[in-house]
Amino acid sequence: MPQPEAPDEAAVSDLVVANRILAAEGVLDGFGHVSMRDPRDPKCYLMSRSLAPALVTAADIVQHDLDNRPVRDEGHSLYYERWIHGEVYKARPEVNAIVHSHSPTVVPFASTKAPLRPILHNASFLGFGTPVFEIRNLVPNSDLMISTAALGKALAETLGPSADVVLLRGHGNVVVGPTIQITVFRAYYTEINARQQLNAMILGRDDVVYMNAGECATTDKIMQAVAGRPWDLWKRRVQREMRRAEVEDCL
Amino acid sequence: MPQPEAPDEAAVSDLVVANRILAAEGVLDGFGHVSMRDPRDPKCYLMSRSLAPALVTAADIVQHDLDNRPVRDEGHSLYYERWIHGEVYKARPEVNAIVHSHSPTVVPFASTKAPLRPILHNASFLGFGTPVFEIRNLVPNSDLMISTAALGKALAETLGPSADVVLLRGHGNVVVGPTIQITVFRAYYTEINARQQLNAMILGRDDVVYMNAGECATTDKIMQAVAGRPWDLWKRRVQREMRRAEVEDCL
Amino acid sequence: MPQPEAPDEAAVSDLVVANRILAAEGVLDGFGHVSMRDPRDPKCYLMSRSLAPALVTAADIVQHDLDNRPVRDEGHSLYYERWIHGEVYKARPEVNAIVHSHSPTVVPFASTKAPLRPILHNASFLGFGTPVFEIRNLVPNSDLMISTAALGKALAETLGPSADVVLLRGHGNVVVGPTIQITVFRAYYTEINARQQLNAMILGRDDVVYMNAGECATTDKIMQAVAGRPWDLWKRRVQREMRRAEVEDCL
Amino acid sequence: MPQPEAPDEAAVSDLVVANRILAAEGVLDGFGHVSMRDPRDPKCYLMSRSLAPALVTAADIVQHDLDNRPVRDEGHSLYYERWIHGEVYKARPEVNAIVHSHSPTVVPFASTKAPLRPILHNASFLGFGTPVFEIRNLVPNSDLMISTAALGKALAETLGPSADVVLLRGHGNVVVGPTIQITVFRAYYTEINARQQLNAMILGRDDVVYMNAGECATTDKIMQAVAGRPWDLWKRRVQREMRRAEVEDCL
């Protein structure tokens, strides 16, 4: 009988690092999740079992199919909102990584009429759309969470074919990208852009010069090309932190 | 003669961890206090002697009766505002833990007419009410503190039968819950929600979509169920920090 | 020939700790200074030689007379603005410690018409006045600094007989108190109050309920009595940090 | 055959420290760069190869000529926006160091009509001008980056003969100075001033008292003279951090 194949080691390592980076940078707190499409099987994705992102290790990564079931049932409790991931991977074949966070400065944009727009070149991907998902239009008195396939599908529809970010009213946001590095970069700069846009709106609500569509298209290409630079920095920091914790846990 | 019973070890450990978590997360500074109803005797509660929360250890935990007297007088100086705890435990039998903090972004809501309202699903409990206690209506020229049984009782009355948070004008807030984990969760997300609501009001004061009553009722149930996830993360962090401090104090 | 007396060891130690605390808490950056009246000679004060506060050690403490001259000239370069200290000690005999900082959220209050007022009970001392010193009224085209005895005297006059804080337009603030612990407490809560007041003014500029005069008088007495609690916490943190730095500097 | 001369060791060390300081203080994130004119050859400058500033070591420093070519081609990938440096060094012979950052609170000033103006004495150099470079006036649909000699030249022209800071809409800023210490000081206080000015504008947009031209001229001289004080502090911190990382990387 063939052994069930263990997931790609480099992919798992990147996914652990991605969880740790976004927790260290304040995009994720005790909640939120990061997934990547399985490089060995595009009909599956890798994501931690239900756990605070800052605690995720390689041993916690579970292979899910696109219906959000564990490929090998090892009895792990899984994220309550994993439906986000399966439905977005189905709808967007070019997407290979997804971050769901409650990124703190993005929530206010999700809950007012102020659209989140690109003010910083690193966040040029915001120019491809930042739709808001209002769960109340579908389910009254809900817990705001994406806890069914139908809600996952509706969310993927609001995200649409070209946006890289969708905001969830009263809740958080979902960011997608072609690689885990680029998606982490985008999740980080979504938060940074939100802070800078908020401050710009204080300085002069009607005066803010946002990036235009042409600038966004040109700039996003460059940003995808350089996303590895902050990744290398962040990765080194979280690896050092993980090693430090390991040493201390042995004391 | 029977030995006076030492408090439940697991409860004391959780209480120490709760103090450290809320200090590490910036909800508590050098002031504030955390208590839990004694799991062995609901007519008592456990709380540190008068000490900055970040310094509390198991040895500092004192069993108080609901009239806020130490069960065993060991000569410790006690918190000046312990009346908050006894009176709320008397008025709210389902409450098993209480946090009193000067959580920084909550104070502005306590001192203006802007009601603190739930904008983030994690803070759905805010939907059950966020009354403001104005001590000036009872005592002119006071020190703003809850330093008598009468003030503790008046505060508990303002909290009322169903709210989980009461704001103290010019001072801080009190958060309650059925377990220490849920109460720490609520104290943390009260601060987070205040920050996000403030930012949302900057973006569009009259546009903010708050959670409605039905959403709050549904969501709070889920949040109580998942409050252990950030607790596990925070606990690991403060335990590592406590161990690090111990090692360093031996150098 | 008698040996020149070394300054009181406990006083020096407290002064070093005060410098480190205010740097660690973000009240002081690379600039600013902390002094205390010499407990052995009220006509002198102790203060570091010219140095970033976070680097001050016992060996850097210099005894100054009230004309801001070193009692023993050891060739140290002294703070350019030491005139603040001598003139305030002369004018206010009950003052035993002084902090001059560029505390970040206080500067905006120094440079607009919005008066800094007590919104948090810990900052009740702000109720005794927060006058603004406008150097431009005395010296056109100055460097904004208190670099002469005349400017020190004018600043002390603006502080007046009863305020504990004076703001310097375009520059920073000066906080005074009867002990080093209380003065550090006040410098810290001046910054905290400024942040909370700013947020309250965003929530509802005309609605903010400030502490009234009676509340301030009552509350300040309590705060002076409990100022040791955060001091103990902060002291333990900076001592641990100092020990850690020492160990690392030996590696 | 003579060996190609290695760059001045003290200069390289200062440049590494400058990179680390600005990353540690939040002026630089994963992007941005710091250069200094080569003390041995004013027709060259020293700058890291393309790398996150927090990771720069002495081995990464590359000597560039003023046309932004490496003097010795060692195959390193170079910063995409190095054109900023060569063109500013050509246009401003008295400039000996340049920082390009995406300093977070400065971006909002670059993208609105609110001019960045000196509110804090440490930022008096802002009084010499804070022009905004709008790349859209030159290149439609650009990536906002200074990726050609022509754009570098246009930016240097916008900076002009006397300003020390130029803001780049949607992007960041460039700060210059006569020494690396003064330039780091200025980059840091540009960010600090932006935060304080934003807060002052909230308190009273039309009431803010900025430093006037005479005050700026006088104060900048003093600030240049004392820029070494925070530098010494920051340097000690980053050197300790670098040593700590080295030790940990050996575990």
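A, B, C and D are the chain letters, set down in written order, and residue numbers restart from 1 in every chain.
Keep in mind that, in the parts below, a residue touches a chain if its C-beta (ideal position, glycine included) is under 8 Å from a C-beta of that chain, and two chains touch if they have at least 3 such contacts.
What you see is a predicted model, and the numbers here were worked out from it, not measured in a lab.
*Asks:* Just to be sure I understand: going only through chains that touch, what's the smallest number of steps from chain A to chain C?
*Replies:* 2
*Asks:* Hop across touching chains from chain B and tell me the fewest hops that reach chain D.
*Replies:* The fewest steps needed to get from chain B to chain D is 2.
*Asks:* Of all the other chains, whose mean CA position lies farthest from chain C?
*Replies:* Comparing chain centres, A lies farthest from chain C.
*Asks:* Cα centroid separation between chain A and chain D, in whole Å?
*Replies:* 32
*Asks:* If you look at chain D, which of its residues touch at least two other chains?
*Replies:* Residue numbers touching two or more other chains: 202.
*Asks:* How would one label the connectivity among the chains shown: line, ring, star, complete, or other?
*Replies:* If you draw each chain as a dot and join those that touch, you get a single closed ring.
*Asks:* Determine which chains touch and list them pairwise.
*Replies:* Contacting pairs: A-B, A-D, B-C, C-D.
*Asks:* For the complex, which residues does chain B have touching chain A?
*Replies:* Against chain A, the touching part of chain B is residues 118-122, 192, 195-197, 199-200, 202-204, 207-212, 214-215, 217-219, 221-222, 226, 229-234, 236, 240, 243-244, 247.
*Asks:* State the interface residues of chain A toward chain B in the complex, per the touch definition above.
*Replies:* The touching residues are 29-31, 50-52, 54-55, 80, 102, 104-105, 107-109, 111-114, 134, 136, 140-145, 169-171, 198, 201-202, 245, 248-249, 251.
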